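Two complexes follow with chain A in common, the first pairing it with chain B and the second with chain C.
Right, the complex of A and B next:
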């Protein structure tokens, strides 16, 4: 499970859905792996407005990453340039940056977000609800959110 | 996509179907007529126009979720061809299925298809083992796709075997009676819809307002046995003004299948 995914999950118990404590779920005993994902600065820019930044800071901290306290301010974008380049890591990417110009500062932020949100993978571990305490297992990167019958 | 003469209106554009050659003996719903009808629905020029108008480039990135991914062929198709089908590549996708085996298979189907089409592919996040969208934060799905267990059946299989049993493992090359029983059970979950074939679909429709974002749209497959006119009446009668349009219809053997879009 990618760190980013946690921003879209909450406790499956019906009574918890309305509780602010059921989001984000808290990572426990997480075994991490880094998985190479094509860098997509357009996606990161356009994803930011819909992310719950505080939740992301919490999830990141639980996995050992520090994000800035405030959500980075990046404009919404509608195009990318389409040159294929190899980045510093040597990965082949369909990027070459965003059309319309990105400052070095923005580029640094985007690369950092990419690394933490997209390439950090929880292979094994748990996610725990802060409201009811239920533990959701993550096994071979797949989270199990099927509740036992008595909780449905 | 280049063609010298324009196809007649209503003809789906042709995009390659994702490979599922890695699926050998795993008990997942194989790509079938209903799966292909979904691919055709999204390939209609009218549907491409609908989605790219609803989610124009430069607006926050849409989240696409498929419930009941099975082989993963539908999710892989949508993820791999996002740039062409939705007019943008900055789309994130997730797959949900009650079967852990289906989720592991789907991850491979999607990853393979996306790596073959880097110039149009969306970003696939994860597959999650989940009953419908119960794992998701409320009101976050923009494009929801559901090919439900739609066959009317006298029995509606309970999820309790999966909910209360041992941790699921990948079922493949079954040898033990236990595995064979699990295969039969998982396959029954892929098609058996209970009363009018609507028991699972009805559960989703009941919570639709809690699942979709304000701009969200559900693509739903129905068969004639689901009595589509009754479903339309029910959906359009729900609170907050839902619309339900038929996108495409096709006869497949004894079945008459249709894809509908439901949105506000």
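Right, the complex of A and C next:
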């Protein structure tokens, strides 16, 4: 399970939906792996506004690494500007890059986000609801959120 | 109801996962268009993602695919390394309400075995979406009206049916023959190749009549933006009504 995914997961128990404690779910006994995936700055830049940064900071801490307290700022990218920029630079961006106009600082932030959100996988472990305490298992990178019948 | 679906939907998919997956690789055009017109950075769910064939259609969006069937979820995870998956039930989804730009549910809602449960399933998808204007879902269900398919159902046929899936030889338990030259089932097929030794698995379906999907969406608190018929299926693009 990616750290990005954890930002969109909460407890599956209906009674927990209204509780702020049901998000984010808390990692326990997590084993991590880094899995290389294609770098996509267009996706990352536009994902950023949709993230709950505080929840991401919390999840990261539970997995043993530290993110900046404040959400980094990145300009939004569009596919149109990508094409224009790419043409101006004569750069085809075959690796999915967003072409010129990216400062070193922005590139550094994007690479950091890529590594944290996309390449960090929780291979084994648990996610625990802060409201009801139910533990969801993660096995071979897949989280199991099926509830026992008494909780449905 | 839940126990019935467990026997006639969940257990069947667990058994046929590998063969089913081999027959599911070509996205339907309406689904393809819905996904490729999303703005970059959109975040969505694919509820009942099966083998994950829609997860890679648009690399500039992020999708969490979920399915009740763990075997299919594992296949999806391997096929979509830039996306993610979870094992989850449509009626108890492990997601934050109102947080998604889009949702897909393709060929899933017809597996729920009462009108109340089908409406509840649609409501549980709508609940995940951002408010009207910001979040939308594409729903797809099997149609009753498919006179030209080889199943030949029409508007007077029985709506609640058990449809057999026959495993072709190479997908049968216990041991698969390595390097078998037998081709997998075809895209259109809902059943594997017939064979006298094959054991059929029966899956429950509710076949939707014209207009019924739209009615269910409204009962669930949704608004239909667009709907239509495509190759034996009814589809609707919907958002939250309020």
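Methods note: the second predicted complex is superposed on the first by the 132 of 152 C-alpha atoms of A that agree within 3 Å, B and C clash if a C-alpha of one lies under 4 Å from a C-alpha of the other, contacts with A are read in each partner's own complex, and residues count from 1 in each chain.
Everything that follows uses one rule, which is that a residue touches a chain if its C-beta (ideal position, glycine included) is under 8 Å from a C-beta of that chain, and two chains touch if they have at least 3 such contacts.
Here the structure is a predicted model, which means the values were calculated and not measured.
**Q** Both complexes share chain A, so when I overlay them there, do chain B and chain C fit or clash?
**A** clash
**Q** One more residue to check, A:1. First (chain B), second (chain C), both or neither?
**A** both
**Q** Of the two partner chains, chain B (first) and chain C (second), which one does A:78 touch, if any: first, second, both, or neither?
**A** both
**Q** Quick check on the superposed pair: does A:148 touch chain B, chain C, both, or neither? Answer first, second, both or neither.
**A** After superposition on chain A, A:148 lies in contact with chain B alone.
**Q** Looking at A:35 after the superposition, I want to know if it touches chain B, chain C, both of them or none. Which is it: first, second, both, neither?
**A** second
**Q** With both complexes superposed on chain A, which partner does A:17 reach: first (chain B), second (chain C), both or neither?
**A** In the superposed model, A:17 contacts both chain B and chain C.
**Q** Just chain B (first), just chain C (second), both, or neither: which does A:108 touch?
**A** In the superposed model, A:108 contacts neither chain B nor chain C.
**Q** Quick check on my understanding: which residues of chain A belong to both its chain B contact set and its chain C contact set?
**A** On chain A, the overlap between the chain B and chain C contacts is residues 1-2, 4-5, 8-10, 12, 17, 23, 37-38, 40, 42-43, 45-47, 49-50, 76-79, 118, 136, 140-147, 149, 152.
**Q** Spell out the residues on chain C that touch chain A in their complex, using ranges where they run on.
**A** For chain C paired with chain A, touching residues are 2, 39-43, 59-62, 64, 66, 68, 70, 73-74, 77, 81-82, 84-89, 91-97, 99-101.
**Q** Residue numbers of chain A touching chain C in their complex, please.
**A** 1-2, 4-5, 8-14, 17, 23, 25, 35, 37-38, 40, 42-50, 76-79, 96, 118, 136, 140-147, 149, 151-152
**Q** Can you list the residues on chain B that touch chain A in the complex?
**A** Spelled out, the residues of chain B in touch with chain A are 57-61, 63, 89-92, 94, 98, 100, 103-104, 107, 118-119, 123, 125-131, 134-138, 140, 159-160, 162-164, 167-168, 210.
**Q** Going by the contact rule set out above, which residues of chain A touch chain B in the complex?
**A** 1-2, 4-5, 7-10, 12, 17, 23, 37-38, 40, 42-43, 45-47, 49-50, 76-80, 82, 94, 118, 136-137, 139-149, 152
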